[in-house]
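Since the structure comes first, as structure tokens, the remarks are kept for the end.
Each chain carries a letter (A, B, C, D, E and F) given by its place in the written order, and its residues are counted from 1.
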């Protein structure tokens, strides 16, 4: 069961990598990377389950967090061209 | 093979099936928005089912609580980022694909055409 | 254990594919994002090799902080690598081939992978595994080695990150904005 | 407290750097940095005396004994190097005040001094430690500080030279890491003495040999051996004066020391020179490097760049001594490490004084310097004579020992090369001296450098002559250090 | 596993060389830094593989487990990762300064501007 | 990011939990994976999210660059201070055994304080790095 699950996740990850490399727009890549990130979270939980270690799940949580932050960062970069920009309803410079 | 095992296996497999389907959609669909549809929609449910399946295997321990936390986190962040991404793409001028053939790529140019 | 091998093989193939892709990608933003995948994959590989702490750090730092810093840099420098006529550079290729060949020669005599009786596993490490419960009473051996047995290394590590902070503040710290403008005009 | 001397040398700059980085203005951090480097100098002198009395000093960090914890292990070789590093720091720091005020500005001074302290800390840590991985950590501390400091130069090319050093330096550091990893997997230990005990049994292993190759290549990148020296000239040329003086005098020397430690203590003479014919690699590279770098330096118009190339040449002398693989060669190499540190610091500091007044160090800026800045210029001349190897200067002492060592092996061609190198040095120093004495200055007013620059400079110049006349101290220590190193790491 | 083990190392070496090649042949400074990271990460893999024990648990003491992987490489690599990030940060800061004062981050361009670089 | 109202709301909602998680990793590092370095990085991620969502200027009103520099220096001093304390108490540098009457307690104290120092430096330095980089990118 677990083996099938692992295989499925890995296949999904490979497909995501293919899409990330093919593009063609930058948004496709971001989407693929996001998908890859969530699949990585699952892979880590699976490894934790295989090892029977609950504390490995912290790492999965970190992955989920980093995935989200990376997403925001890329979007921010893409929309505003700078990471420190406040946007129009924040404190304006 | 207890009933819990079967339940957990079913959930796992269902989750994984969703994941693979989403990934295939990511490859096969013609443009960004449809791909996003495939990936974004399946993603959260896939994670939910998968983590649920694992939680059953772990039983009522701290691990399950952590899995729940991970699930909650993903429940918030995955749709949010999908939404933000779709909005950004729309905002950036990427036109949805139509069967007529005026696909988004032309409006967008090739990747990298728009640089700020 | 076959499952671990399966994951291992997949991850290694991912890494190889990504590294080749990184060499070829021209768009820097894409390169940085693909490098993000590389980091995530490498952290998973650390997990497979039972190095949870390392995976933790690589995920938080390699995939998170490095990528964000690179994006912040791209925001200033612009994201496209200039397309130059691809000059074929022979020297790097020669250097890389020699280095790679030396390494391939070097791994011939490596002890077998993952065997518990390897020299690295029987000399210093057993003391940490057997005695750290008695000597420091901390379950996570990595923490006790990191903070106590090799605490001085970790002090060095803290100083390294502090140095990086000092260095970056000196190089691009905020109040330098006016100065830089002056500098730029001087060189024009 | 005397038992804690090995750690105090490193601890003082470590505590001072964060404190200095938070201060305001330029004066307070300068005072801290200066006092701390003096304190470290006192500690390392005491340490040298202690090594003389007690032999090798072992200090266990955290109280964990050697292979499990990290140990500091001080013998004559690293005590000598510690004296060199802290001594140079103690002279450069007072000197730095004026030139930093001019070149860096008050606002960035606190962090600049903090970075200087971190550099000293990294170099001392690399020198004192007896753990192969700990060397890497401190190597990276000193490298990061160096990248930052080099980029502080006013010329914008300082940035690119710093970046290329960053790339080369990281490759070097990572090569070293690969090598240490290979040794670790074969032996299971990272302690140098422990490794020295275990490696002879493994000398046939391809992995150990590859590890050796990577460690030596990595360090040679750091110490700018001939084909790997490309980062050095630009880095030295565009850095601020005080930084060039400190780095030129110490950074490459510490890398040389690490190389010596690896070749002689960790792998042992038997392995390095008999099983792997290291001499056949190092000596030709050193000879080619010596001749080519000296020739290139004749053609330079920027004096700082000229001295940078001369550094590459002088490092080749040191590598020549190491490559001989004999006690005498090693003695000469260690002597030259120390002596070249002193004379290069003096030369770079006098150039700093010139730059302070003239704003540049091109050959034309040296015109008529004997009239306008006599004290600075005479310091440069004496440093130059030392570089050439004129008797009664330190340069002569080490070159003489190098020639003796070559004669002992019957390497006549090498002796000829050393002499040719000296002649080339005579030519490039001679050009500057000629410009200083016989060309007319652009503006004839006498504008001697301020005392704040001259006093530290002349301290070094006097050391140059003093240690050139009274050779007992340095030669004895170098001989003792060489004897210890040749015997391998297992001496107690 | 023995065959697979060697293949592990071969792939790590391949990654290392890809990173090294990127570092020394790329003209773009940011690509160089990405190469630096790839290079270092693959060295980290190698270290962690050195400490891996087949079937060993991660080095957190658990009751009933006697076989652990070697904790020492993990500690070393934790330190090395930090070093890598610090180097990356300083390198990126330098890149920004280079962009601001030269207007380009292509080594070829910089060469054209000033052959002595 | 005025367009992204949802992102802002979710992000803002997550920040305290991210920081809480950082603290958990910091103090749970003795028992499971984690420790000062990882905790510092995660804690810094809280500020990273804030900077990304609300701009570096508004983050700087919460933690100024000067403050971050003080904390980053403080972390080094805390770590080295433990070493100095053990020197003064008669042990070798960083020998935690002498910090308390019982060596094991001493080790515990030492490791916790040291990890705390690591966490301080890493969290503040990473935030500092990000803020400096982000500020530099702002149009002046």
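Here is the rule we go by: a contact is a pair of C-beta atoms (placed from the backbone, for glycine too) under 8 Å apart; a residue touches a chain by one contact, two chains touch by 3 or more.
Small disclaimer: the values here were computed from a predicted structure and weren't measured.
Colleague: Quick check on the contact graph: shortest path length from subunit A to subunit C, in steps?
Modeller: 1
Colleague: Which contact partners do subunit B and subunit C have in common?
Modeller: A, F
Colleague: Would you mind checking which pair of chains has the most C-beta pairs in contact?
Modeller: Greatest count of contact pairs is found between chains C-E.
Colleague: Mind checking the centre-to-centre distance between subunit D and subunit E? Centres are C-alpha means, answer in whole Å.
Modeller: Going by mean C-alpha positions, subunit D sits 28 Å from subunit E.
Colleague: Please report how many Å separate the Cα centroid of subunit A from that of subunit E, as a whole number.
Modeller: 21
Colleague: Using Cα averages as centroids, what's the distance between subunit D and subunit F in whole Å?
Modeller: Their C-alpha centroids are separated by 36 Å.
Colleague: Considering subunit D alone, which of its residues make contact with at least two other chains?
Modeller: Touching at least two other chains: 14, 17-18, 21, 61-62, 133, 137, 140, 144, 147-148, 151, 156, 178, 184-185, 190.
Colleague: Using the touch definition from the top, which residues of subunit B touch two or more other chains?
Modeller: Residues 73, 77, 80-81, 84, 88, 91, 111-112.
Colleague: Can you pull out the residues of subunit C that are in contact with at least two other chains?
Modeller: 27, 29-30, 50, 52-53, 55-57, 60-61, 64-65, 68-69, 72-76, 78, 103, 107, 110, 120-121, 124-125, 128, 139-140, 142, 146, 148, 150-157, 159-164, 167-169, 171-173, 183, 187
Colleague: Residue numbers of subunit C touching subunit A in their complex, please.
Modeller: 2-4, 6-7, 10, 14, 17-18, 21, 27, 29-30, 33-34, 36-37, 40-41, 43-44, 47-48, 50, 52, 55-56, 59-60, 63-64, 67-68, 71-72, 74-76
Colleague: If you look only at subunit A, which of its residues touch subunit C in the complex?
Modeller: Residues in contact with subunit C: 2-3, 6-7, 10, 13-14, 17, 20-21, 23, 26, 29-30, 33, 36-37, 40, 43-44, 47, 50-51, 53, 55-56, 58-59, 62-63, 66-67, 69-70, 73-74, 77-78, 81-84.
Colleague: Mind listing the subunit B positions that touch subunit F in their complex?
Modeller: Residue positions touching the partner: 73, 76-77, 80-81, 83-84, 87-88, 91.
Colleague: Which of the residues in subunit C end up touching subunit D in this complex?
Modeller: Of all residues in subunit C, those touching subunit D are 102-103, 105-111, 118-125, 127-128, 148-153, 155-157, 159-160, 162-164, 166-167, 169-171, 173, 175-176, 179, 183, 187.
Colleague: Subunit C touches which residues of subunit D in the complex?
Modeller: Against subunit C, subunit D makes touches at 14, 17-18, 21, 61-62, 64, 67-70, 105, 107-108, 111-112, 114-115, 118, 121, 125, 131, 133-134, 137-138, 140-141, 144-145, 147-148, 151-152, 156, 178, 182, 184-190, 205-211, 213-214.
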